[in-house]
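One chain, chain A, links the two complexes that follow: it is found with chain B in the first and with chain C in the second.
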Partner chain A sequence: MPSRTLDHDPPGSASGPVPAPTRSAAPRRPGSGASRRLPYLLVLPTVLLLLAALGYPVGWQLVTSLRRFGLAQQFGAPPQWVGLDNYAALVSDPTLWGVVVRSVLFCVVTALVTVAVGGAVAVLMNALDRWTRLALQVALLLAWAMPIVAAMTVWIWIVDWRRGLLNWALVHLGVDSAAGHNWLAEPLSFFVVASVVVVWMSVPFVALSIYAGLTQVGQEVIEAAMLDGASGVQRLRYIYAPLVAPVLSIVMLLQLIWDLRVFTQIKLLQDAGSVANETNLLGTYVYQLGTGKGDFGTASAVSVLILLITVALSWYYVRSLMAQES
Partner chain B sequence: MRRSPLSRALLALLGLAVAAVWAFPVYWMLDSALLPNVVLQSTTPTFLPFGGSLDNFAAVVSDPAFVRALSVSLVVTLTTVGAALVVAFLGALAVSRFRFRGRSAFVLALLLIQMLPAEGLFIAQYKMMSSLGLLNRSLALAVLYTAAVVPFTIWMLRGFVAGVPAELEEAAMVDGLSRTQAFLRITFPLLAPGLVASGVYAFLQAWNEFTVALVVMTDEQSRTLPLWLRGFVQASASRETDWGQVMAASTLVAVPVIVFFLVVQGRMSSGLVGGAVKG
Partner chain C sequence: MNRRLPLVVLTSAALALSACSSGGGSDEPAATSTADNAGETVTLWLAGGDTPDELRTYLQDTFASETGATLKIEEQAWGDLVTKLTTALPDAANTPDVVELGNTQSPTFTNVGAFMDISDMYDELGGDKLLQSFVEAGSVDDTKYALPYYFGSRYMFYRKDIWKKAGVEVPTTLEEFNSAVATIAEDNPEDIKNFSGFFIGGQDWRNGISWIFANGGDLATKEDGQWVSTLSDPASLEGLTQLQTIQREASKAPADAKDQSPWLYINDSDTILDEEGKQTSKTSLAAATIMAPGWAHWSIGDLVKKDGKQVREWNDDTFGVFALPGTDGEPAPVFAGGSNIAISAKTQNPELSEELLRIVFSPEYQKMLGGAGLGPANSDYVDSLGDDEFAQALIDSASNSKLTPAAPGWAAVESSQVLEEFFGKIRDTDDLAGLAQQYDEKITPMLNG
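The block that comes next holds the complex of A and B.
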């Protein structure tokens, strides 16, 4: 239906709670007919809002990342242009490089574990009878629905070194050294805890998505394969795997993107008592640089890096969504 | 597929064990929330809340800090939901009912923006709000939240708007309704489930958000509920914590979310326009 007019809706009736926009984004308005202008008026609030709340910060970040912008600049000294120095520090500064490597490792390992566990749960769900499957689905939905901060408080209570359930259980299993052990104090065990929590949070989405993919496989196909003498492993390898591969790749991609954004989990685990300097990932490091040290130049460069990685990873996913749209 | 009874039982057992692992933290939150601190302080954990009470909840609810955080969270969340629905509805109309130059670039931009993490933007947003003198203002946080949810809300609503055939509206106009009447009485009611689902999405995002709130709401007086919960976590690092109260607090934050989430899960899967137009 090309260019339908909905003239009942006074344009500009809802300009949104946008503060005076800093840059005007005047969209092209070809012709003079009201019906040709209407779609542009309809998207105007969105465009203004996004420019003010996201566009301006991104622009500021790009500019600031090319400058020395530290405490002196906070107190009025003019910022100095330093070219790509802040980006060079990403590789040359050992602390910063350590944060980058740690983040990428954490992201990749956690995403792989999540998809492996989620896939296993999906296969299990597919094999269960109706009522057990429903119980499993309800449990997964509960975990999925938990607000992230509430979930973090529960996990922090479980791993609490004084009276947490984890240490009690380990002592009962014969690991006496677990009594009073603080798992968040050592970077390695800190990241294992963080990874377990993130996997617990992410598996429901992964398992239910892959399960939905598995149910697309027709029963007739499976039965035909069984008549032809295909073993369970062969059915998994030659029938399920190719049909589930597209879901699997999308889910893997989303996990990689989402496991880069674990600020909330890491920040709260740090708050519960770890040495922040040894457990920073990209997000918490930007926070520390910006709010703690007032080093906005480096913080901006790290932020731009986060955005670039995300856009690069998202590109394939966004393209597949666009293809589905048209 | 036929399986022996033994292997079926073993599978069922495995399924229930996995279910228990995933539900356990949620159960543990409720269990601890119902138990008094004396019980939680003992060396052996108590797995069933026998002899429990709602005392922890009463203590949390009567804490002025909770009431303050609740009201900040409500203001921010409801402003976000309202603003996001209005802005996104207009955007969704444009995208699903019009072909215009720049349309696919617009949609592509929305999808990309939707993927951007708060971590990559929040320091600049903090700097922007602080130079505008808008730190600790609910409106500032609501604007940032609205911008964060609008792209995906448009994407969600677009499907619902496209799902209401323009022919329905035209048929009503043939029957003598004006365009406005046709829209309000035919199209709008059919869009209601889509608006509810998008509203719930915006609600969940704003209610749960932590990262941006942490940098914008720097003052203790203007904390949202997630920031208020964080206060307990910080306190636990240095001294003994009344975990029963913390779990009661978490339960209060989680319950509306879990309810909404489960409602939408069901509603989304049932047909949306089912049977309104017969081929």
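The block that comes next holds the complex of A and C.
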């Protein structure tokens, strides 16, 4: 079996042939100071930009999370250093743990379902003829390109308790109790709706990434397997799956991180119904604490916690990338 | 998937936080003559579309002729007004000079020094003639920061035809109202599935608190300088019990419905037609009564075509209005809606901003507010509302209206949505007193900021 490694560029980025580096017109003397500095100079703008765009807000967040910072401070009152008090108050607050548990459960379940559905669509695409596949890809891209608020508006219409398509369809299928049923009132069905919406929005990315992985599997390998009498399921299980495993794991981790920070979908569904305090995930909880209540100190502390959880989750991803680099 | 949003939120939050470090207002030279002001611009933030265009133009024209400066009006959406004020007001370089904000949002900002002290202008702008509950909401002790801009209040819209078929009269006391709407729901004269005598969403606390107020209760009171939540006080509890009965017997609204567009349920001309244009199901009418702010009447009525557009036209035979009656037959104290207006503490144009307030509180502009159906801040000009039934219901219902507590933490209570949560649980609880007590314990610590 040819051992063919997949490339691990972030899915979606162009991974075509890289042009061979052209020889510099005026060769420099080896080891000159200028040529040693040059790479750093070239990297400098990126580093500065990253520092400005990421370092500054993160720094502010860390500083603010150690302060008592409310509306009065926002309007000029001197903030008071409270050390780790914000964190201590949070850690002993059952509300936060409720939110953390909900968020982690939501993100794990949603990411798993997304990758499962996305994988299935990718396998389907691999099996389709060219034009059907193209149609499917265009449909997927359209779903992906849909502005989030527009998509949410339609979803909210679908689950509307009084005139929603979902209840109408259920009633017509003979489920009479569905008339006027409110899907957003109970936290559990709220999260099922939210999860379906998030899955719908993320499947295109996952499906296209995995499909890209599948196309990397050499046709000769598949032919050899078919000659050996491997069934479709066996080919999927023993040839495709191991070969696209790296793509699967990266996609899975990205989904976990994105689903952990989900905000817009939850916020818009909360505005449409439900009890906000029973359906908060980390994103909406930070928003409610900071922008809503004006308690920026505690909100920053929660944001730092989210950062830590995200780092913990992506640690594996970064490490496996590093391992492949070296 | 929106994967950039969290970063954007974090970034903007951090930028907002940093905004306070760039403070430090500078003193502009006093503006005296119109020629000196030619290059100056004053920015006014209006909330939502409540102020009609005609009034905006009047403000701009008058401001230009009185001062020579330009008035820039920027409209902010109600939904993110608090957020925008929180980030813009502390920033001297970007603050709007004059802002409109919800009356109940005022205490949050007055207590942290966001607005300029305008006590010295108070008498000149109307003094005791100004709506006092709003003045209180905009004051800290005796210092005036925000003054009333306009008021509105909530009253009842009802279906005359259905009330009549159910054989009930327009109520004169709260008790009569409570039983009338229960009778209509039970009677259901049009035989419509899930029909509400009175449609009130479970989480709709802004209308629901009318029953607390009407029974002499309150959301919170100040005891020994500290605010205390009073949902479980006997009078509040009496009101909540009546509301529970309404939610159980008269209203078929979901427990998590809020107060958005209730007129959808009282209109009936959105009939469902089949291919031949015949009516298949009778109507999507779902309620005989709703409670809404006065301007809702533009959305209630028969569906007619006007200039090619479908619009609602009020029909006196089908629809009527009345102010919710109290226990004593007088109008019940309902939640007073409306806005306050204030000058940013960080404004670069204090004199011009004061000039703008003089125009807003001038008799001409006050009358224009009334003419547009907005309750004028100055009681001398309330007649300008006219004498139609809407004006009458507005004046009646506002005559006894009440504000939410002027506690420094009130905006935090609202944005934590804890009241939505509490009201949403009223219908299904077996222990209302216990539930009220539980939420008192949650709300009290938030009230004092």
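The criterion applied here is as follows: the second predicted complex is superposed on the first by the 238 of 326 C-alpha atoms of A that agree within 3 Å, B and C clash if a C-alpha of one lies under 4 Å from a C-alpha of the other, contacts with A are read in each partner's own complex, and residues count from 1 in each chain.
Following the convention adopted for this analysis, a residue touches a chain if its C-beta (ideal position, glycine included) is under 8 Å from a C-beta of that chain, and two chains touch if they have at least 3 such contacts.
Remember, it's a predicted structure, so these values are computed and weren't measured experimentally.
In the superposition on chain A, A:Ala53 contacts both chain B and chain C.
Once the two complexes are overlaid on the shared chain, A:Phe296 sits against chain B and chain C alike.
Of the two partner chains placed by the overlay, neither chain B nor chain C lies in contact with A:Pro94. The partner of chain A that touches more of its residues, comparing chain B with chain C, is B.
Once the two complexes are overlaid on the shared chain, A:Tyr287 sits against chain B and chain C alike.
Of the two partner chains placed by superposition, only chain B is touched by A:Leu321; chain C is not. Of the two partner chains placed around the shared chain by superposition, chain B and chain C are both touched by A:Gln61. In the superposition on chain A, A:Phe263 makes contact with both chain B and chain C. Of the two partner chains placed around the shared chain by superposition, neither chain B nor chain C is touched by A:Gly174. Contacts of A:Trp155 after superposition: chain B is touched, whereas chain C is not reached.
Once both structures are placed on chain A, chain A residues 53-54, 56-58, 60-61, 64, 144, 148, 162-163, 261, 263-264, 273, 283, 286-287, 290-291, 296, 299-300, 303 are touched by chain B and, in the other complex, by chain C.
If you check the complex, the residues on chain C that touch chain A are 1-3, 5-7, 9-11, 13-20, 23, 82-83, 86, 89-90, 108-109, 111-114, 193-194, 203, 252, 254-258, 284, 286, 345, 411-412, 415-418, 420-421, 424, 446, 449.
Listing the residues of chain A that touch chain B in their complex gives 1-4, 6-9, 14, 16-19, 27-28, 30, 36, 38-40, 42-43, 45-46, 49-50, 52-54, 56-58, 60-61, 64, 121, 124-125, 127-129, 132-133, 135-136, 138-158, 160, 162-163, 165, 168, 200, 203-204, 222, 226, 257, 260-261, 263-264, 267-268, 271-273, 282-283, 286-287, 289-291, 296, 299-300, 303-304, 306-307, 310-311, 314, 317-318, 321-322, 325-326.
Contact residues on chain B toward chain A in their complex (touch as defined above): 1, 8, 11-12, 14-16, 18-20, 22-23, 25-26, 28-29, 32, 40-41, 43-45, 79, 83, 86-88, 90-91, 93-95, 97-104, 106-108, 110-113, 115-128, 132, 134, 139, 142-144, 146-148, 150-151, 154, 166, 178-180, 183, 207-208, 210-211, 214-215, 225-226, 229-230, 232-234, 236-238, 240-241, 243, 246-247, 249-251, 253-254, 257-258, 261-262, 265.
Touching chain C in their complex are the following residues of chain A: 53-54, 56-58, 60-61, 64, 69-77, 144, 148, 161-163, 179-180, 182, 184-185, 198, 201-202, 205, 258, 261, 263-264, 273-278, 283, 286-288, 290-296, 299-300, 303.
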